[in-house]
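Scrolling down, you'll hit the structures one after another.
Two complexes come next, and they have one chain in common, chain A, joined by chain B in the first and chain C in the second.
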Partner chain A sequence: MAVKKRKKDLTFLEKIYIPEIVKGLSLTLKSMLKPKFTLKYPEEKFIPPASYRGRPVLVQEENGQERCVACGLCSRVCPSLAIEVLASETEAEKERYPVKFEINMIRCIFCGLCEEVCPEEAIVMSKDYEMAFTNREEAIYGKDKLLVPVSQLQDRIEFLRQYK
Partner chain B sequence: MNVWEIIGFTLVKIVIILHVMLLTVSYLVYFERRISAWVQNRLGPNRVGWEGVLQPFADVLKLLLKEDIVPYQANKKIHTLAPIIALFVAFTTYAVIPIGPAIELFGYTIPLVVADVNMGILYVLALTSLGVYAITFAGWSSGSKYSLLGGIRSSAQMISYEISMGFSIGGVILLAESLRPLAIVDSQGQWFWNAWIQPIGFITFVVSAFAETNRLPFDLPEAEPELVGGFHTEYSSMKFAGFFLAEYANMIIASGLIVTLYLGGYYIPFINIGTFGLPNWAEVLIYVGAFSFKIVALLFFFIWVRWSLPRFRYDQLMNLGWKVMFPLSLVNIIWVAVLIMLFNL
Partner chain C sequence: MPKFILDGKEIEFNQGETIIQAAKRYGTDIPHFCWHPSLSVSGNCRICLVEVEKMPKLVIACSTLAADGMVVHTTSPKTLAARNAVMEFLLINHPLDCPICDEAGECKLQDYAYLHGVGESRFNEEKVHKDKRVPLSPYIMFDAERCISCSLCIRFCDEIAKDPELTFVDRGDRVTIVTYPGEEMDNPYSLNTTDICPVGALTNRDFRFRARVWDMSSTKSVCVGRARGCNTEVWVRNNEVLRLTPRYNEDVNSYWMCDHGRINTFKFINAKDRVNGPYIRKEGTLGRVSWQEAVNRAASELRSFNKNEIAFIGSAYATCEDNYLFSRFASSVIGSVNIDFMRREDPSFADDILRRSDITPNSLGAELVGVIPGKHGLNIEGIFNGINEGKIKALYIIEDDIVEVRPELENLLTKLDLLIVHATNMNKTAALADVVFPAATYAEKNGTFINFRGRVQRIRPAVETEDLERTIDGMSVSRLDKFGTMYDSWAKKNRHDARSTWKIISLISLAISGELKYNLIEDVFDDIAKSVKEFKELDYDMIGEFGAKLNIDIKETAV
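Right, the complex of A and B next:
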């Protein structure tokens, strides 16, 4: 059986270290001069791609109405029980609408299941990642904070139509 | 000069050097963080003041305000003594490193070195060996296994590398025929640097200097992945800052020693300032500038190496110290002796 030369046996040049050290040093010197990846955050903001799952929001139609029909599926599927929906009737064609729609942002884990299960494309994940609260009440987002005009959510909706 | 004048000038020099050292140390920490960031394509601290230049002050303030925790199991006296020894060694060693030629001020000739000692190099060697005690004491007195392992490692490492360090200095002393730092600088002159004459000694000395200052790739005493923080795991607040300061002050001293012993001290290669007919103070200023430039370049090198090379394994470290660096430094002494024999240097 032929004895295989071990890969970790170093050549003489490698054993005297110095050329290899010079190689390593020149590599780090080069990367020292490369452009940096860091974003100066509060001034420069990260704009996520359409596939990004930020905080879930409700789609608001052009006429100011929410798309949601208060079927309660999202509330049912939510693994962390973050959504509370209270349904009521309306004169409009879709007949039902949520009187109360609350997402507890402390509970939400940004899994996107609510968006996946919604039959009406009424709840989608936005690009908003800046959420900060000073108490627990503030963390419960009602309809006022959740409703976002459909025009702002266009690329997420297109992404969903293509890949969901 | 009478005794009082000598004491006065020495005190002034001590105060100036101490302040310059402290300032350099704090900016060294800042540049360490910035350069490490640049190497990793990041920006580093850039918020406090313009481009983060006030960061060191913020850091010091933070460290001062932290609670000083002494572990229950610790030997309190030695626990407190260790950082003091570390700082003492780090700052006193600088006394014999000349930063420039003598300056004429108010009719006095003042050498730009705190103490122009005949045995300067021995003094440095003796004090840096004391530095081991700081780390060993810190490791032993903390009453924690991580600290103890860090302390033991560091004493083994420092003792092994001290030998090759001493032997590499042997070559320099042979050439200079003196232990006085100023004489060693003068013996190298404009371009006759020891780094060219005895490259092997230069390399062994630089490697040992890295090991002595516990810098990567030889920072086994504080190897974070295995030992948490090594010898300073159980230190906090100002005592931790003491070790931190001492480490960086040691870097400055190591650079100062390398410059003095191997890179021609404060001389500028190929340019003889004396022929320009400049006034004495301008000449001295240029020399001090050259010295500072060399130091800064070496400090950059220290940081640069830290962020390029991985840490040695313990057995590799010992192999390198005893089987490579030690024989090489002996070869260097023979090389220098042969040179002296052949060329009557």
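Right, the complex of A and C next:
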């Protein structure tokens, strides 16, 4: 059986590998001197930019009340049916508020549609990506876990206003 | 018949019909806010402007009579431009309230804004502000900013409820609705205005903020408040009835229902005192047991009495099917002729609009299907006397709290050796029983009621029970029902372990003698149709959504 010749044989330099090894090692060396990206999570935390879509949270006004008027639009638009809103009447000017607001973090796909549809800028995507549960019930976040003071959400709100 | 041309098609009309009426009959819905088929024409909203050839200006379709040879355009550029203009005008002072407005999702202004609005406003000034929470009655809240001054509510009170209570005050952009000085909006039909109000200006306080309309399922049913049997829609979210609305049926209730029916006939369905599963009395107290155990107990105890010692009380609240099997159970399984039911009259309730003095939905049906004393049988008073004299030792009651109506019966019923009760909620009668079966409510079963005019109408299940499964049993399904899983708190079923009375009777009968085996309610109805002459040749399909007339002559009494 005739030995089949390769289309293109390696040259001598290529055959001895040494230049290639030097090339590779020099890349390694360069990278060693570059600034590091790796974080020693969880000791060091990653702080995402404003464009990041972490878990959705509810905006809590300075007076401690939620901004949400329980219109249910986020619940309607949510492609994964993660949100349940139950409304009730309040004496406050907004008339309507959520007695119950729950997001099922197992259902949520962090798409941000709830944030986009909300007419009140009351639900926004946060920078929180740390969610771990040991059972399904834990994954359903109520108002207690969802409400975040508006002061902590400023850069996301600014970011949204830029693109609205 | 005279004809006119509507959007290029020739249509026939009756002399005296307006363009909007003729078009509606023909299937073309000309946009309208202030027009209602049952109310006088006001012509104030101007959204129904249409172009008629040879007329100098656009005309309003709601008050222009159709004429032979007329050529009408409802989608011509001129018409559309006029509609846009009217929408823009209406939206000048209309608040951006949709997120907090209960009407959203079934709002004409919202719909027409999508369909006919330009989507932009040239109005940059501050909107007019008015009162947003004006209670017109304990049932109705008025939001003056949302009102588009169509006057439907005023005309409804004047013309249908025949109780003028509302009027406009002020002019221009300050115009608003008020009740006459010193008056409340307290006519017994007031809540119909919340249905016909084209916007969210009038809202039902009982339902206010309870649910978004798109989250609910709706099921065609019949009101159980009174003997008229107004056609209704039952609105359900998370297996809980949240509101009832009237459903158009010209032969029964037109577009309306009374406030009593709307407010008072559904809260018991999800009440805490629902009987959940069968109960039997052991050592003096009622305890929950399995269906098998309760059925066996009822069957064996009933067998231990002489047939003349047993009496049966049917119910004008139960369906024809329930009452029919009950009477068959009494006559052919037990062989007793002592069967009757309690009639309920409240003359103070009647009027010449919808409300009747008979406060039950099915007294005629109960009579027709055989819940009347047999030959030499005891009627209801006879049964009570019989219990008092010790001749009647066992009593079987379905779906009626007779002790609530006549408290003196409480002592009487304790004389019985056996009391079997079917009850939806734990009530005074059921509390005395030896065996309590959990009855499904009218929102949890199929069946028929006969109204006072002899019209047979269907009810359908809207709420699941342990015995009914939404998809398998063909019930209407909301988006939440469709996609909910057992892990979603918004899909927890709130289900009760209850069954239709006819199913329970069938079970007991099977345990006693193997008779009355039925699997489907249609089979029960077919047997009624075969054996009761007034029901001859009827079936569920013929009854359909709007009911059917029984083969019976009813004398129309005044009330």
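In this text, the second predicted complex is superposed on the first by the 136 of 164 C-alpha atoms of A that agree within 3 Å, B and C clash if a C-alpha of one lies under 4 Å from a C-alpha of the other, contacts with A are read in each partner's own complex, and residues count from 1 in each chain.
Just so it is clear, a contact is a pair of C-beta atoms (placed from the backbone, for glycine too) under 8 Å apart; a residue touches a chain by one contact, two chains touch by 3 or more.
These figures come from a predicted structure and were not determined experimentally.
Once the two complexes are laid over each other on the shared chain, residue contacts for A:L13 go to neither chain B nor chain C. Comparing chain B with chain C, more residues of chain A are touched by C. In the superposition on chain A, no contact is made by A:I109 with either chain B or chain C.
Touch criterion met: A:M32 reaches chain B, while chain C stays clear of it. When the two structures are aligned on the shared chain, A:V69 is found in touch with chain C, with no touch to chain B. In the superposed model, A:G24 makes contact with chain B only, not with chain C. With both structures placed on the common chain, the touch criterion links A:A87 to chain C but leaves chain B unconnected.
In the three-chain superposition model, chain A touches chain B and chain C at no common residue.
Residue ranges of chain A in contact with chain C, taken from their complex: 69-73, 75-76, 81, 84, 87-89, 94-96, 102, 104, 106-107, 119-120, 136, 140.
On the chain B side of its complex with chain A, the touching residues are 35, 37-43, 46, 203, 304-305, 307-309. If you check the complex, the residues on chain A that touch chain B are 18, 21, 24-25, 27-29, 31-32, 34-38, 40.
Residues of chain C touching chain A in their complex: 98-100, 104, 132-133, 208-212, 214-215, 480, 483-484, 487-490.
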